């Protein structure tokens, strides 16, 4: 009987050191650090505040999409429509604001609402009929893609009001120019990291991804939770649309075509399981940064484009190998 | 005690009628039939042997890729590299044969072997380290893509020997011209349908996809089974490469770039679960045909291409809805 | 055109004549403009236009399927911008064997007589023009060149790139080319590529871009570094947004092409074929014009006023 | 047995039917749970016990039949409805979230928030308190645990079952339903669960206990609901019958008289095999 | 207990250790299975019984220690190795393929082929024969089944367990290991499994039976291996001790003398609670 009344060693939770070692993001982080170390040695230009600021700017759009993608993947879903929804949102915001149909801030609000609407429709189809997320979001990808081109008449929208491009402006931080948009993206990561790890809602998301039947039997309202998640992911894509517009300074109907695969890659590189229930948004941030660092570093090294593709392929596999090895060691 | 000794109602297996109604392919088939019926009414040119022969030719490459993709997805994996591996195989076969380095048949054999090699590497990485299939095949996609362009020096290879294009030739069948390649693809479907449904190996594949742990505990050698499956999928991609070369008459380094998503779409439309263990190659054939029929029918109707994209998106969602509804009804 | 129904076979006298237009993609404004030109011409000539496109630049299989489906739907002629100059030939041959007139737009097949006729601009020449322009504009300054290209293995990108280098007078691999990156012709990717190029070689002073969206992306990146004034950007395409950017001084010069013209001529040729049975043939150059507001001696160019009246999108 | 005047049942069902394809899992089942009683539900494997309680707790929607809670007809739209009415269930397959730890599972759907603005504004969970309370509940069951933070998928079969039992008991306000709660438990741990059930009953809550363990059933049940081939075959008091008679009823060797009390041999041979003389 | 001359054990282990992170599931465990005996393995929840038999059947590779089969040191590279040596196991979590039917599960890994070229060339499975044989094996256990072709994921808990038990018994050639095979089974069905175990033993195969059901254990076991906190606490004959003594050993209230025979009170209070006077 001694075992049962003895205090549990870990009643107070794991120690900080153990927490860092066993954190699911430890592996991706190790891969990121290794990559940075390598490129710092290989090129002179890599290791500078300006270059890091640049990398963050370059990955912030895909990174933000990866937040929404993480939400969906945690529920064992997948979202192929994220890039197309973002493209539609960005062209809508840009066009309405540039043509002066509505004030810029209203345009932004409408853009977010439309993106949320796409997400909502995804969620309803996935949950109510129910249909496989892969097919629903594939269909929505085509729909949003076509609507983007029909609505924009293939025209890039330039000359945007300053409210739309404000997030692309920079301010100095310790000698480096940082864009406001980068801050918004990082803040968004912080918010969702908090929501997922420290609130009831987050617990329910993980439970749903673990086993939707178990979650249901425990009284989690999985229907509204799922639908809400897809809609929320839509809002996040809307924010990504705004970041995109502010970064490029135009509304571009061509945007986002490879972003669905890129965002899924970031999520998976970050250690989130495609089978749901395991992972974190911080992992996805690290995943997005890993890809960004590869692209930036290889280019700084002057590797020819086609070899960049080749090497990126190998490096992506190496990055998850590092993750896998670090998991085995701490187990 | 009467219940236990009473003969089971279904000892002899389900009746044929019930088998057809509850077959997992019944839903996709219903969607396909509905689509055909619609286009037959909407355009005059749809309902003809020649047009059907055409559709089969158009989907046979993606359909063949979908066979390999089905194998991988049945194990709860995913293969993003299939199109790129096929492209590499096709350019290799074409180039070696056209330049006369080796006799055409040897070129074909080498091409198949190289594709199998790619699959084998995928399988080894997925199983031995182990790494997530998504990332492994994404990395391999980049590697194969880059190698294709490096090896081909971006040049399309024309003037192929007749052994390579033979499968593109037609023979009359009931007044319709049918290509030999279509027959090869259909035969391949039949072979794999047989292997999966009626052999030990097929049972093991499904068991592995259901729960690799349960399969392992039951003595299925899941390591070699998985690795073998990836290698076999590679061989199938090699056959797809040959079909592609014979259909287009050239070796084209640009081939296959969207075929990974297209083949996954065919598999999922065919009712196979992305979580593994449930599905069939015949479903994937039907899935590929559904997409082919949509494209062909909309083109015959003269729908503008951007609206084709829009409508295809909606139709794909409708197709799985039909599947879902038909499942509910027969349950 | 509403009466697409009822025209069963090509050449049946009663039904409307159908013309197919197959572009490389659906989404590039260049091809969208081409479709508009074709639509306008189709209305004037009383023929029905159907369109199709590849899924990406280089999607040969998609174009083949489109040709087959169009032939099945009974078109009289097909206008195509081939994604791949060789790979499309067998499919075109099958269509031509069935009596369909096939005309290549924008870029040729290889060999060029794979199609009945070719209405195109010379992409290599377009590159050469901006290369020559850049050479003159640099006025002997040592050049540090960045090239923002299209994608591996796409002929248009290769021709323009090669043309630019030839016009500028450097060989591929010359040390003055300090950074080369694929952008897919996309503005955001162009921006990212330029940012990284500047990180690598901050003293870049000449940027060649595959098209104006990539050029504008490069401009945004340069502006963020305060370098937009002292770096020369040259581009190809001549879309309205791009020409406007030349006018605004963001891009120094661009080679303007005329997709609408190609399409209009193509549709007319098919309509003629339907009426008279004579097939168009040979190569018709639809021309390329260098557009710049800062002309350089020794290089012919027109100003943006001309450019904007003749631009296509 | 139902001839005497009884109080309104807490949970009652009449004529429940649930079909899965060509399998009829519930075939016109009745059910009555009186206030404050421990009702054992017994029956052969595949008799439909789990299906019955799934229907009673909103986890499955019956095709036919009606359910009453405290005398009023009710329709549960999912398990959370039943939970809102204070009904807690231990399902046979436990329904735990595999990758989450014990505390997260125990508080799933009713997490505790931190006091103050951290909880009300930032909605932060009070992980420490949840862990402590979970530890207390688990200690109640005297389950040997070597770590509280490991994911439940790595727990032993019995440990996992204990988590589900502790959770249900901790939260129930009107009815506790347990589907074979001691199946994977050791002798000592099973004893603790029986104790727990007694304590719950002493608080006035009725308990439904599905079990194959006849000694347990006879030790703790106030009444026994015998389920057979998808419906209730008998509703008896344990004192009125011997264990082997009850087993014989379960297997169909005996049937209970319509007017209560006696049994009738339905299958003489089977009854003999079960050790029952003809009475 | 081990002082008398014994034949070479069929399956033997010394000093097995298996750690998972900071949890030590097996902590220097010994194990001996003699020819033709039924060896019961009992112990508290989380004592490490399942981990032990997983290590013995190749499902898990122990970190330390050695395993002997018929006296020879052996290393299993996965469960299929153990199966090749005729060892069949019913795992606690059953290890069935959810979407496949009973026959497919029962014949998983040793499917029957059709006679003639259909089997040898086309390698076609003899589905009908597999279904028939599966039906026979299930009938042996007298499990009520309403359909043979439904996926096992839709079976009741007991039905699913019966599939796993029938499978192991059908195939074993040297050892049968069963981890709580009757946990989800009804009274009648449990009896059938005990019968089956006896029949297996009578064929000369030794059986390892993990169970929490003391009456079952005392009814059928030739020897009892008591597992406690990751290692063997005692190896006894059921006749030598009473049921409550064995339970006391299991919970640590009593310990067994090194030189066999007697017991020593380790925890007087606990022993009292377990109903054992000091002896």
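Brief remarks follow.
We just call them A, B, C, D and E in the order they show up, numbering each chain from 1.
Definition applied: a contact is a pair of C-beta atoms (placed from the backbone, for glycine too) under 8 Å apart; a residue touches a chain by one contact, two chains touch by 3 or more.
For clarity, every value in this text was computed on a predicted model and none was experimentally measured.
Common neighbours of chain A and chain E, by the contact definition above: B, D.
Taking the mean of C-alpha positions as each chain's centre, the chain lying farthest from the centre of chain D is C.
Between chain B and chain E, the centres computed from C-alpha atoms are 44 Å apart. In whole angstrom, the spacing between the mean C-alpha positions of chain D and chain E is 28.
If each chain is reduced to the centroid of its CA atoms, chain A and chain C end up 34 Å from each other.
With touch defined as above, residues shared between interfaces to two or more other chains in chain B number as follows: 1, 3, 9, 149, 306, 309.
Contacts with at least two other chains are made by residues 20-22, 44, 143-147, 188, 229, 251 of chain D.
The multi-chain contact residues of chain C, meaning those touching 2 or more other chains, are 26, 152.
Those residues of chain B that touch chain A in the shared complex are 76, 78, 80, 125, 129-132, 134-136, 138-143, 145-147, 149-150, 261, 264-265, 268-269, 273-275, 306-307, 309-310, 312-317, 320-321, 324. The part of chain B that touches chain C in the complex is made up of residues 43-45, 50-51, 54, 57-58, 61, 149, 152, 154, 156-158, 168, 244, 247-250, 252-258, 295-296, 299-302, 304-306, 308-309. The part of chain C that touches chain A in the complex is made up of residues 26-29, 32, 149, 152, 179-182, 185-188, 191-193, 195-197, 199-200, 213, 216-217, 220, 224, 241, 244, 313. On the chain D side of its complex with chain E, the touching residues are 20-24, 43-47, 50, 92-93, 143-147, 150, 154-159, 162, 180, 183-190, 212-215, 229, 247, 250-251.
Contact residues of chain D toward chain A in the complex are 59, 78-80, 83-84, 89, 91, 94-100, 104, 107-109, 111, 113, 122-125, 127-128, 131-132, 135, 139, 142-149, 188.
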